[in-house]
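Data block below; observations after.
Going by the order they are written in, the chains are A, B, C and D; count residues from 1 in each one.
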Amino acid sequence: MVDYAQPKTSSALALSRHALSEQYKQVRAFSELICKPLVTEDYVVQSMPDVSPTKWHLAHVSWFWETFVLSAAQPGYTSLHPQYTYLFNSYYNSVGARHCRPRRGLISRPTVTETYQYRRYVDEHMQALFEHLDESRLSALTPVITLGLHHEQQHQELMLTDIKHVLSCNPLNPAYHEAPASPSLSVAPLSWITYQEDVYWIGHKGDGFAFDNEGPRHKTYVQSFQLGSRLVTNGEYLEFIEDGGYSTPTLWLSDGWRTVQEQQWQAPLYWEKRDGQWCMMTLSGLRAVNKYEPVCHVSYYEADAYAHWKHARLATEAEWEVAASGLDVRGNFVESGVYHPVPMQATLQKEGPTQMYGDVWEWTQSAYAPYPGFRPAPGAVGEYNGKFMCNQFVLRGGSCVTSLSHIRPTYRNFFPPDARWQFTGIRLAREVEAHA
Amino acid sequence: MVDYAQPKTSSALALSRHALSEQYKQVRAFSELICKPLVTEDYVVQSMPDVSPTKWHLAHVSWFWETFVLSAAQPGYTSLHPQYTYLFNSYYNSVGARHCRPRRGLISRPTVTETYQYRRYVDEHMQALFEHLDESRLSALTPVITLGLHHEQQHQELMLTDIKHVLSCNPLNPAYHEAPASPSLSVAPLSWITYQEDVYWIGHKGDGFAFDNEGPRHKTYVQSFQLGSRLVTNGEYLEFIEDGGYSTPTLWLSDGWRTVQEQQWQAPLYWEKRDGQWCMMTLSGLRAVNKYEPVCHVSYYEADAYAHWKHARLATEAEWEVAASGLDVRGNFVESGVYHPVPMQATLQKEGPTQMYGDVWEWTQSAYAPYPGFRPAPGAVGEYNGKFMCNQFVLRGGSCVTSLSHIRPTYRNFFPPDARWQFTGIRLAREVEAHA
Amino acid sequence: MVDYAQPKTSSALALSRHALSEQYKQVRAFSELICKPLVTEDYVVQSMPDVSPTKWHLAHVSWFWETFVLSAAQPGYTSLHPQYTYLFNSYYNSVGARHCRPRRGLISRPTVTETYQYRRYVDEHMQALFEHLDESRLSALTPVITLGLHHEQQHQELMLTDIKHVLSCNPLNPAYHEAPASPSLSVAPLSWITYQEDVYWIGHKGDGFAFDNEGPRHKTYVQSFQLGSRLVTNGEYLEFIEDGGYSTPTLWLSDGWRTVQEQQWQAPLYWEKRDGQWCMMTLSGLRAVNKYEPVCHVSYYEADAYAHWKHARLATEAEWEVAASGLDVRGNFVESGVYHPVPMQATLQKEGPTQMYGDVWEWTQSAYAPYPGFRPAPGAVGEYNGKFMCNQFVLRGGSCVTSLSHIRPTYRNFFPPDARWQFTGIRLAREVEAHA
Amino acid sequence: MVDYAQPKTSSALALSRHALSEQYKQVRAFSELICKPLVTEDYVVQSMPDVSPTKWHLAHVSWFWETFVLSAAQPGYTSLHPQYTYLFNSYYNSVGARHCRPRRGLISRPTVTETYQYRRYVDEHMQALFEHLDESRLSALTPVITLGLHHEQQHQELMLTDIKHVLSCNPLNPAYHEAPASPSLSVAPLSWITYQEDVYWIGHKGDGFAFDNEGPRHKTYVQSFQLGSRLVTNGEYLEFIEDGGYSTPTLWLSDGWRTVQEQQWQAPLYWEKRDGQWCMMTLSGLRAVNKYEPVCHVSYYEADAYAHWKHARLATEAEWEVAASGLDVRGNFVESGVYHPVPMQATLQKEGPTQMYGDVWEWTQSAYAPYPGFRPAPGAVGEYNGKFMCNQFVLRGGSCVTSLSHIRPTYRNFFPPDARWQFTGIRLAREVEAHA
């Protein structure tokens, strides 16, 4: 679920008028760059309730600028169309009635062309704002503008995630783009890295942007633990499948086992067996499963069952953040243009854990909950995060369709435990004592 | 439900090679003419399981020509794409597996442009067939070619019906085309025409095309009855609404009352109250309800409840056919370009019943069942009609979106009793004795 | 569906005060006799929405006497409990609000003992009525009293039908009673009896009781046809199963095939394969399938598919009534105490068709519809039959759980085409010409 | 959800053979004492999937003794009936196939009498075991016997909870027992008790019985916080209702708001408005809402929304355990015989928080998750707790239908956030700084 956060204090933001405007242009341009490979028809389809049509994403992010920036800056501001507020509100009860989410795919108009016109209209008003708004009011709006940039980046990730799902529903297996397949190079064996028990500080420190759910920074007690040195691969996950993982109830959470049976899961989402060989739908079309790539498109239930089968567990989000705290934020992000997880390159192997950032979001065993002292922002943006703190699990580290400039060590993504259409994967953890 | 019928014997058809080819061109061209007002996005949407995307209709009718004509005429014939057989089969189990009906709206490819290319491909092969196939084989194929023409006409009606539903789901109320509103001219009062009891012949006589479900022609005993001189109007139906028709269970069939409650029906489909005034979505956008137009988009349940409230009933299909037998087939059909029922013009009023053809399909109280001696055609076209003879009611007379060349006195359309998205309306009947 | 009919004119009923009272006692006693084998717990369970708890049946029929007789006869009459009117109304909208049908099994109170007390209370008032009501008022009430008797008989059949379903849901396979298994004696081969085309009179003549849906008596044209000489047997139906009947879509109505797939039907209700052998749950517990018994617990869809597979069809209700018109009403009814269909005894074989009455209700291909000139009774009893004339098929002849005194040649039972828990079976019909 | 835990090490249990036997008798007797007010019919009903028939509870706990104790102690042990293992397994995949949970209410047999015979049969075998089993084997079995006692106590609570739900579905509002209504005495105003931040030890210490989910005992960092001095009352909750709590989406979690709308919640479960006055169904029948009683039968969603409305929050389970650590375990438990929460008696008011034990289970904001180092027991009893650690929230403190001997400061109960049929209520918490 994409959620809109309250930025930290505006004093933390020192972007110049020009820099803000340039950032805005870059982020907005990237949304449209993502759509380049699409035909008009692709923009329209909603393949399941969780998926939104690309056309809707493009309009909704513009609605966000209108609602939280332009309307705030210009009291007389009017949208390009009086009904767009209704059509493109996602879930803000404070802002008014809205079009029902599962029916977003029934709306053929505004057309794609009109949607781009809507974007132009918003861009022109935003540019005017960057150029002409007086300093104090621009400064006051900078936090919500920064939020808008991160919001649009979140939808960029969703656009790629959703279009993959849409194309996967088509028996013609159309490709979104042509990317070379990953090389089939063996990866290093999984090893375990040990962390000592202590009271640690967790959560965002206060410099730079963060969503409201990343704070307050606070102390937490972490028992000593071990973390897997890399992500779990398709090849390792195949062993779980071939060992009967999907037909052994004792490996699964109770809700997970019910889901396996109801949905008849036999493998990760997008996998299918053709002539005895496992293939997977990718944004480059149908491909054979590469054993060395990180496993992707697994639910929390599958991640947990796999860990159980390996006599291990998933990390807590505090453990993950402790392990990530000293590492550089780099990896296979959307900027690589691959849009697919890649095998860990041996040359990147170091002392610490690898693949902590990018490739796939890592399920943690932490239910998504407020940090001690958390308070949602007042007003509509307070609906961005807090109201989803129930029945979801935290994921960390970003994926191959996340922007590098969007991720942080303290970033908390969250999805329900049965969600599989996101780029989600597995890193193992375990107790120290059991393996001393 | 569109259904494919077995043509009568081929000897009944004496169309020349040229005439056949011309008919083909005309029918095919009209399918595309219907699409002229659409934007690409409109072709993609499936607004409910009963509705198909326009793109799908255009491709499916082409699939029909491929499957039942071109493949039969040319053993080595191959479709433009190997997957189209799977994607565009509607419900022919004999022909093989098919894409699941409620998922037709998830398929963004083939694109609209590719769909028209598919039509061109089929047209070229059909033209070659018309020009070069030897006389005896063309003669043998003429029945199924004629069936294909009527099949495509049925889908033309569905395209208009479905696109109306798609556009109605959009809060922007887009218009498909601009047509002038009907004049608000009062219609003649409803009178009753009496028919005497007798043994009548019912069903298709054998000259010209008919679907298999229109025969065999057979004798049936019809008790004397009276038929309403015209269709029920919006104004008359409003009286039923205002008298609490939708909240009086004793007026309704048991299944109808359950449907009213579950679906929260308060008026015909496409009606909504805005600022205290009843409006309706039309193919020309949202309009005020015109009291003199025939009521349209009512289910069998509503037609039956209305009749009950008027101390009348619906006609049986035999009664309707008896009454229609001597009348000219004329009325407000798709050729008028209005695509909406119009008030009965006083100048058309005659001795007999008016509006028997065109404007709206008239619900009869006859469950859709085989005529005595009915046998479906052998092979796949046998699935056209027979397998739907359950849980549906017969409708007669065609509508404002039916082609004049498509309708006949013996034509049996059929839909489930809760269907409302077709252009369906009400004509009353009653016993003679009760009103002597 | 049990339905309550309007009796014919009271003048048609000439029962003496004493005879009425005796009939009442007999019918009421039989309801309780049926319950003798039950334990208290059996009375409580509702195993699916169509099934009612036995306890509910016992109370509902008492409610009927209260509502339509006692309250009419004695203006100040009060029920034993003020809430019973709410709890035990089945579907009479005219009578007021009622307890939701699928929740009848959630009501542990009134207890079984209290339910019998309720019956006693009603019986005492009814006896007082028989003894003391003045002649003219008794005469006026005789039609609805007669209706009440037939109503209670309908519920007696439902009680046996429903308790069979309840016990069948129990893995312990409890028996309702111990009855000897049918002998495994071969039955005569199925032959065809021919009837000539003509105008026939159909419907109830007017002497004696009939439900309102059996009239008006009217003329109908029946084409010549042939009727199977006996019911279809389990052995014959097994051939259909073994020939892949349940996996061949072209044999089925479209709705039927969808139902087969959704419900995963593989055989009639109550059949299951144990160690390679077909068994069936009966009111005497689990038994091996006897090949010579009439097949039972099949839906309309299965009856139609079987007939299709045999290149035959089901009879219309008019055909059935023509064939039944001269026959004695005798057969395997509830009075035999077997509560299960039995193989046709060779000694009963005659010129005409056998097994027309009793054993199993015979599905006809006639949708349940009003006869020409039908009008429901005024008031609440008008809801007995008419409002169900939609999406149901007519069955004829009664079954092994119907009372002999309850059935007539003109009796029209009706159920939706997917219903299987009633004692429903198959008789074939076909055209004459095709087999000359 | 009742769950079966692994006992701590057997060395921790020093009960004599006699004491064990006596405990067994007491616990078993109490299960039957609870049923005393029931009529046979009450034992049969399953009013929703989460509820089990009382008859099933009585048999299932016996099955537990058979499966985990008698079968382990006596290799040749056979159940009273070969099918009982199938019928009365709750959710142990390791133990084999089982009857589907939502169909427990369809099983009229075994009867109530047979169920008690089954209990006798198990009791006799257990008594023989207590008397004759050699010391070492009895000692080895003592942990699982202790588990069985606690397991049966959990089902005792469920029996009362479930029978309340069953009776509440009955429009007759039957009472389970007659208990005097609580006095309408005003309670003390809610005050706040402050706790200091620190590293605390949480979880079971190791003496005496505990479920596996209560350990391992471990350190956790708790920020300073304030806890409400008593439970939230009906009167306070009424203010929330009257302030539009159920129609203000911004007060609710997103999932909670969807649930409010789908379920049309307007008040706690069992509340209904009659003639303008709020009443509630209790185990003593319908009563007026007493403003001073603790609010009960609220979901997590409602507890959270109420806290939000009060500018407070729910406690974490660690906070609750810190606050409870020094308190006596006393309160309104099942032993009081009231089976309903009671107003806080002023005389009980002390320095610390009151009503921490008994009355109602207190929702915490902690998702139910494994403690650091948690490992489920090997074998089937390992399914008792661990597999439910998903989509549930922890509740603390026991309720008016919990046994005093069953509860502990470390006891972790858990239910999904929409569950309302348990005796669940609200205690508020908040940050210190915001109110300094």
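The definition used in the following text is that a contact is a pair of C-beta atoms (placed from the backbone, for glycine too) under 8 Å apart; a residue touches a chain by one contact, two chains touch by 3 or more.
From a predicted model like this one, the values you see are computed outputs, not experimental measurements.
Peer 1: When you check each chain against chain A and chain D, which touch both of them?
Peer 2: A chain counts here if it touches both chain A and chain D, and no chain qualifies.
Peer 1: Would you mind pulling out the distance in Å between where the CA atoms of chain A average out and where those of chain C do?
Peer 2: 60
Peer 1: Which whole number of Å gives the spacing of the CA centres of chain B and chain C?
Peer 2: 37
Peer 1: When the centre of a chain is set as the mean of its C-alpha atoms, what distance in Å lies between chain A and chain B?
Peer 2: 47
Peer 1: Which positions in chain A are in touch with at least two other chains?
Peer 2: none
Peer 1: If each chain is a node and each touching pair an edge, is that a line, ring, star, complete or other?
Peer 2: ring
Peer 1: I'd like to see which chains touch which, written out pair by pair.
Peer 2: Inter-chain contacts occur between A-B, A-D, B-C, C-D.
Peer 1: Where on chain C is chain D touching in the complex?
Peer 2: Listed in rising order, the residues are 39-45, 47, 55, 81, 83, 86-87, 99, 103, 105-112, 166-167, 169-172, 174.
Peer 1: Where on chain A does chain D make contact in their complex?
Peer 2: That would be residues 91, 93-94, 199, 218-221, 223, 249-250, 252-257, 300-301, 304, 313, 365-367, 369-370, 372-373, 382-383, 387-391, 417, 431, 433 of chain A.
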